[in-house]
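Note that chain A is present in both complexes that follow, paired respectively with chain B and with chain C.
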Partner chain A sequence: MRRDADKEEAAVYQRVVRKNGAPYHYLKTHLVLEDESVRLSAVELKLFIISGLKNLYGEVGAALTFDLLKYNEDTLSALLRVHSRGLVKLWSSLTLLGSFQGQACCLQGPAGVSVPAGAVRKQS
Partner chain B sequence: MCADLERIPRTLLVSERSSFQNQKNQLSAHVGQHHFNYKVSVLLPECGSAPPLLDAALNGFSSFYLIRNLPVYMLLDQDFLQTAVHQGSVYGLSFGCRVDEDPCVALMPNGRLVLSLDKDSFELLGFERKKYRFTKRATSRYVVSVNFSDSSMTPGGRGYQRLLTGLKTHLPLVVDFLVSHHPGGTTALQPLLSRYDWSEHRPSVSTRCLANLPCPLLTSDLQSCDPHSVLDWLGAVDADVSCENSSSSFLSTMVCPEPKTTASSALNVSVSGFLNPHEIHHLIQELRSYLDQSQLASWVALTVHGFTDSPVSWAGDERSVLWSGNTFYSLLLFKDDTYQLHLATGAHHTCPP
Partner chain C sequence: MWSRKVKVNSYFWCLFLSVGFSTVAVNYVFEPTTKKKQVSHHLVLRSGTAVLSRVGRSRPIRVLNRLTIVMSDSSHYRPTAAEYRRFDLLAVYPTTEKLFHAACMTYDVDIICISVTEKLPFFFKRAPVNGAIERGVAFEVSYSAAIRDATMRRYTIANAIALVDTCKGKNVIVSSAAEKRLELRGPHDAANLSLLFGLSDADAKEAVSSTCRSVVLHAERRKSAGGIIHTTKTSPEETPPTPDDRTSTANHKHPVWNKTDMIGP
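== the complex of A and B ==
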């Protein structure tokens, strides 16, 4: 009887659909500077993004918490994580960042996904 | 305005729990319906090196082909239809095309051809389209979908002639095209390979050995650990992102979900290319065998990523181009022959079946 019950439990099918439940979104982005020889540390990049949030959304915007999960100093590419509610603010401020220490710059190709597994673009 | 700034993009996560003992489990169907696979990542806790059979499965994905400057009307070629589309399973996807900007083409093993076009290209082609579901205002993308098993799409049929004329004369689309065929390989694809410049590619395999990896305590119960947290953690491991941060760290506060344990060693293997669902299925069977024989590991994880620029989503259904994000699924296998399958899709895609 007990073995039959165990088999029955193992064979149970369960399906759960979660809508809009992802707590975080992930952004993969790449900083392009006018002077390509300039290098930033991870801390400098995060401060730069925070300054962009402050310029666009003020002190409250600058308090938006986000994580710099991974950063490559050679290619200036970064993987960011932000709470889903802060995605629009972060993404818009990244898009509108236009200068770094007096030189023109842009943050290329922010691609937003809900899990880090998805933050990989097909290689072209 | 504040509500718009805090708008959360729509996401869907379907979590299934079942057992391989359950005759009605749908794992094979899900794997088979995810036609276009860019990358497979495997995480084996408490493992230093893969056993021979598993290693053979990981390194045994078959070659795929990149055809340069393929005129899309050649996908309607009668020889190609006979040898590749109507026999075995053909998988084809345009390469180097951005789904929100360029015409994209997908050819599925069930004989469906999907063209994702902008307005001007669609009007030039002169063929009927499927209604695009994901936006109420005038859409910027038009999806043309035909099935070669329909009577009107057999060579000489009315739909076939009309599409052929459209692609040959009105809209002579040319794309780089990734293609593979199961089980035929180059033989089945000769009608295309013999006429155009092509190159054969092997999937690339990369392996990382991880030491002292913090892992969440996973069981087959869907309630034991939040699936979003588990997927975040799996993605972090695959992307080589550290989860050993403190809450006061400036750069990152990402941590392993609780409750957690530490695996003294783990193997992370990634295979990337244009991967065949049949071989992914074979890999899953080898992972089951490995888990059955392993004395240390209580689970293994497999994640399969789709292509970001594929014009189709699950089961060949349409996908949105408004937000980035590919479809993917993660499979957690457990020792008692149960599994958890998490199917994720981005904003404005159809729900996985």
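== the complex of A and C ==
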């Protein structure tokens, strides 16, 4: 009986580890500025991030496609989506973005941690 | 639970709570000149633990004091100086190749800072870097200069890549030298940044967590061994005389523990 149970367990249990298996990564960030009353539109924020990519990675970096899925103008928080291969580039350029229109700024995640908010695989 | 280290010259403690650090080192940079040869005694050092506690964590943030000595001459670092004892961590910032070699091989420090604001004045050689790794000394790259200025960004990345090439990613710590609140980045952000410096995924995570912790432990060991000289001698009358013992006590020398013994590789 035990043997059968073990066999069944061996058959059922299967561990699958996928490294970077998902096509997209999501980044939840919010912009913290020195002057807290400044507001940006979604377009301005996207332009700002593209300029950061351009500063760090040049034209090739600026060509990296990412999407601004959600944006809250009051709290300046945004949800970005990028292809997995572009994650390191986008994330590092967000980290190194230091100034916005002359004032110091910081792109922080919720609770100060910019962690990719999960990978979602599209079910075909 | 990661134990991370952040080098900072400001006093915004609540920021570390939100960003996600459990251990913070406040850095005091000391540059010896002809007039100023000793670290000022009037420096107000931070207390051991900040009273603030983090939401969802039982331990408050641990605050350490760190001294960075900018060395342009070998006399700037004095190993027997009493003022070094007030600091938990000791770092040196060598500006010449000779000083870098000396710092890696012989100086009793915890961290060696790599220049990020200028072109490397010397090349890293494998021999001193490997010697430092064996001794447990860590190399530090700070990233806030990269946030401030585009030219500094180039220097930071170039110097960091040169270091990682030589040390193969071992014993590297990434810290911010943040002077303002907005120059601080979270540990995950710093780990991702160190991927740019050529570290692997595992090394990048270690650079903000376990290597920092090992530096703190190295510092504790260095501090505790600094004052120990322990000599014991058993007199022959105390031990019961046996034929074997007599010869052994006559020739036996108890170990004299001095500083160099404690700090071995």
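What we mean here is this: the second predicted complex is superposed on the first by the 90 of 124 C-alpha atoms of A that agree within 3 Å, B and C clash if a C-alpha of one lies under 4 Å from a C-alpha of the other, contacts with A are read in each partner's own complex, and residues count from 1 in each chain.
Throughout what follows, contacts are C-beta pairs under 8 Å (C-beta built on N, C-alpha and C of every residue); 3 or more make two chains touch, one makes a residue touch a chain.
These figures come from a predicted structure and were not determined experimentally.
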Contacts of A:G21 with chain B and chain C, given as first, second, both or neither: first
Touched partner set for A:Y13, first chain B, second chain C, both or neither: first
Touching partner for A:S37 - first (chain B), second (chain C), both, neither: neither
Touched partner set for A:T75, first chain B, second chain C, both or neither: neither
Which of chain B and chain C A:G98 touches, first, second, both or neither: second
Which superposed partner A:V88 touches (first chain B, second chain C, both, neither): both
Greater chain A contact set [chain C / chain B]: B
On chain A, positions contacted by chain B and by chain C: 88, 111-115
Contact footprint of chain A on chain C as seen in their complex: 15, 18-20, 143, 146-148, 150, 153, 180, 182-190, 192-193, 195-196
Contacting residues of chain A [partner chain B, same complex]: 7, 10-26, 42-43, 46, 65, 67-70, 79, 81, 84-89, 111-124
Contacting residues of chain B [partner chain A, same complex]: 4-19, 21-22, 24-25, 38-39, 41, 95-96, 222, 227-228, 231-232, 234-236, 238-242, 250-254, 272, 303, 305, 307-309, 323-326, 328, 330, 336-338, 344, 346, 351
Residue ranges of chain A in contact with chain C within the complex: 32, 34, 55-56, 88, 91-92, 94-98, 104-106, 108-109, 111-115
